[in-house]
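Scroll down for the structure; my scribbles are underneath it.
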């Protein structure tokens, strides 16, 4: 493999396991090696966490932001943009996609942020433990009405989604299983919280009410007993369908776009062998997520999946902000920045439904495409940003750039981005309009820098750039 | 938890709370600092949020419980003279001119006490007289203003019209060095106390800026197993609070300091959600945790207008989280009334205690 | 000047944040009004009475004019059962017509799909705002979203030199040439070209537009001006959407409410005058709603989240007047301190769908609701 291949592969890893990386970071990581980088990503504890006190000093309202945007989004965006633990943050986003809970009903960004913290801390750990934690998470309990699930009057919302969307997938259980699972979770609720007026938000606290729990005998997925919720989760994770379902989610998120979840019971995975390998690792490790991710990132199916994943709006926005730099301080304007994913169709902390977001090509419509292209172009066109300066400085080091060199260098430094022959021809034709760029004098350097940012904007507008 | 704290020969009695969450008018929006005026009034600098509301300095009349009044609001969000982006510090001189800092535009603005804009100065940078994220500030007895120049990790002294006079300190962890300092206060002798935020300590400097003393080191006590976290950063309310929770003398990102007429020192131990009290030598005395068991006047108006809030309140099993400080940012001592005033930032209220000098204990067999 | 087409057009103006019903349509003769509004009540001397019972605050003077012309319908006590008092949830209910579950399709998105099932006109709906309002959102249904000024709407607005820009956009068109059978690349190609086409079509509108009407210098007025420009250009747009806010007046309500409504009512005044001067007003109605009303009793500075509110429909073809009943302010009739909704918002939608847009309402609002007679 050439050095350029190493950079390309590292860039691929960082786009998927994180939110991309600057060229400086990629070079440092290549020097460290691919396997060592995968291990570093899988063991985030070695890197410092985001400093929440720094955020609170400058944006105190990001702690308990209540029901109105954008302060909750500011909090989440600040973590994604500044984290030194990219995979930890990416896994939090993954679980936010899968165990989707939304502000539209919860009306408490603080509670949703608390859930993100839960995902951040447990996202690479044991899946069974995570399911149990989310079953006891008051935000989820409210979102799926388990506080209305009583021993004498069963509400099946949580029980159904637990099986359909959070663990097994449609077709792997019966209506009776839904009923019995729901019965097992009766009495799992929360304490009355201190109301938000007049001093702001207070959290919910999980509460188990034995007197509201149906302790009768239940029959669930072939097992019989006086099951409580925890027993149900233990039975769920043992199902072969569970490992396949979670691994298919991981594949869709990290490797290549799958059809939307409702189609999974009808359409086989695009790479059944990959799912099988991951599912085996999952079961053998007793439902640990980390070994599955290790297998995934080291696999050929991952390494060969470059640009087979359409970037989610969060990936577009966070990736761009990390590339262009200058957003370490939670500065004024973060509010508008943190709402950008919602303008592109991904309202973070407020997915459209419990099904989460539809991914892949469903991110794209005529409005969202314009929003994503213009956002990236806007940032890349801003020469005052340190990351943009760093790219220009690298171009400048070449002293003179012929049109095809300008295109080649810009594509390289923005990815490397791989484009089709037709796209490359258009880019080069544009560069030819400008002629050779030179940094030999002040005025020429100014023009050259401007043209370089325009070329980057045109690249950001390509179809190929929409993929990661 | 008691409303009256008796410890080391001192008695602190919780008096009342003022405020509620409000973007404008009768309430607060994330106070960063505050300052007593000359006429029983107080100025509070509110940070606001990214919807660009809430930013302002409000001036309140303090009297007996329930007699608080909003007197003026100024330095609201906006561009141009008299407006702010990120309000931070507020200080009042003996002529009742009000000095405020904006840590985004790196300027100091001066207002008349009634809120009329007078002048401003400030330029971004690290040279003499230049500012980077100016935080707390204080007026000395000569009419000068000492500014916590937090991004440059130093103090700068300006004349009242903005002329650079002196600077003290630099970045670091040694004596007289700072790491993102926040609030500042003076004692009656003119000694300077600075909340050295990211060094988790308070430093005392002479009026000429020489290092004299430091108080505190970094520390938090792990949340007990049965803790109920008000936010994931605390405060952690627990039925099994250890006596020393959090242990005295340990500070977590202190934001402000006040000195009373006896020389006792009050530190806003922001990240530990308490006011830590030390004697003049820096020995720990006790902690105040927040005791707002009685609703503030304006808070009660909100409850009265929203019957479902009252219903919920009456069903809550444990109201303790509502009494406690949540990231208190500022503390002041009023020598005329012996009141300790605490800006309870995340709860958008002030909690007021009184230092009781003539406290007579009651019969123990009541 | 091309003549505006005469298909019926709906303009939605969303009053985001929860507009205070009681201080917008003031029951000034009801003693309970002043009793409950000690801090934010509008003094009787300032109220613009329009009959014996109700009046507007002074800053709604331009809307009073529309009322006097008989072209303003006021729908009273609008809401739905079990109002959640959350901005998001309430707005979602208004947008999706789903009061009991989380809906995924916007009601106007469905309307657009009915109007243009084959997506022949990418500007059937134009939204003025940074995001796609959920009301317009149905997967696969194109909506043009104008975030800034109409004049700069399009791809790569940063590249401003005209020839440079022209070249870049031509390249964009070539780079997005759909490659048949290429799956997602083909879809991206079609979408990119649709979007480019929408921008090309819309950017013509300002250049065709000329008017003597001066719009006030407010964000809502410039959105309404953009709507007028697109409407007058005759591009076949049937649905326009814009919003103004935030009406979330928890604190310091009176100056806030005054400045918001001044902007809205003056903007609407300019908009209606503009359309009339161009003889393009008679096929336009404006629906103005907010996600909820506010508490009956003020909190000493503002008002908190409530339930029933007022909804307005105005236009030359609107039959002005009161519709429905103002809910009782008596303590025993309040629900958790709120006005009890007496009219379902889906009935208003149904009337507009049935009598104006000529679409079967049941398809859009998921049910049959009682209509009001506010359209001629």
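Letters are used for the chains, namely A, B and C, taken in the order the chains are written, and counting of residues starts over at 1 for each.
Everything that follows uses one rule, which is that a residue touches a chain if its C-beta (ideal position, glycine included) is under 8 Å from a C-beta of that chain, and two chains touch if they have at least 3 such contacts.
Everything quoted here is computed from the prediction, not taken from an experiment.
> Comparing chain centres built from Cα atoms against the global Cα centre, which chain wins on proximity?
Central chain is A.
> Given the two chain pairs B-C and A-C, which is bridged by the higher number of C-beta pairs in contact?
Contact tally favours A-C.
> Taking each chain's centre as its mean C-alpha position, how far apart are subunit A and subunit B in Å?
38
> Per the centroid of Cα atoms for each chain, what is the distance between subunit B and subunit C, given in Å?
44
> Can you compute the centre-to-centre distance for subunit A and subunit C, using the mean CA position of each chain? Integer Å is fine.
33
> What are the residues of subunit C that contact at least two other chains?
Expected reply: 304.
> By residue number and range, which residues of subunit A touch two or more other chains?
Within subunit A, the residues that touch at least two other chains are 68, 197.
> At least two other chains touched by the same residue of subunit B: list those residues.
27, 51, 298, 301-302, 306, 308
> Give the list of subunit A residues in touch with subunit C in this complex.
Per the stated touch rule, the residues are 67-68, 102-105, 107, 197, 257, 310, 339, 342-343, 345, 350, 352-354, 358, 360-362, 364-371, 373-374, 377-378, 381, 422-423, 426-427, 429-430, 433, 454, 457-458, 461-463, 466.
> Could you pull out which subunit B residues touch subunit C in their complex?
Against subunit C, subunit B makes touches at 22-27, 51, 298, 301-302, 304-308, 311.
> In their shared complex, at which residues does subunit B touch subunit A?
Result: residues 20-21, 27, 29-30, 32, 47-51, 54, 85-86, 104, 180, 182, 197, 228-233, 253, 271, 295-296, 298-303, 306, 308-309, 312-313, 315-317, 319, 321-322, 327, 345-349 of subunit B touch subunit A.
> Where on subunit C does subunit A make contact in their complex?
Counting only subunit C, the residues touching subunit A are 84, 86-89, 92, 102, 104, 122, 127, 130-132, 139-145, 147, 154-159, 164, 167-168, 171-172, 174-177, 184-185, 187-189, 191-192, 194-195, 198-199, 248, 304.
> Of all residues in subunit C, which touch subunit B in the complex?
85, 246, 250-252, 256, 295, 297-304, 336-337
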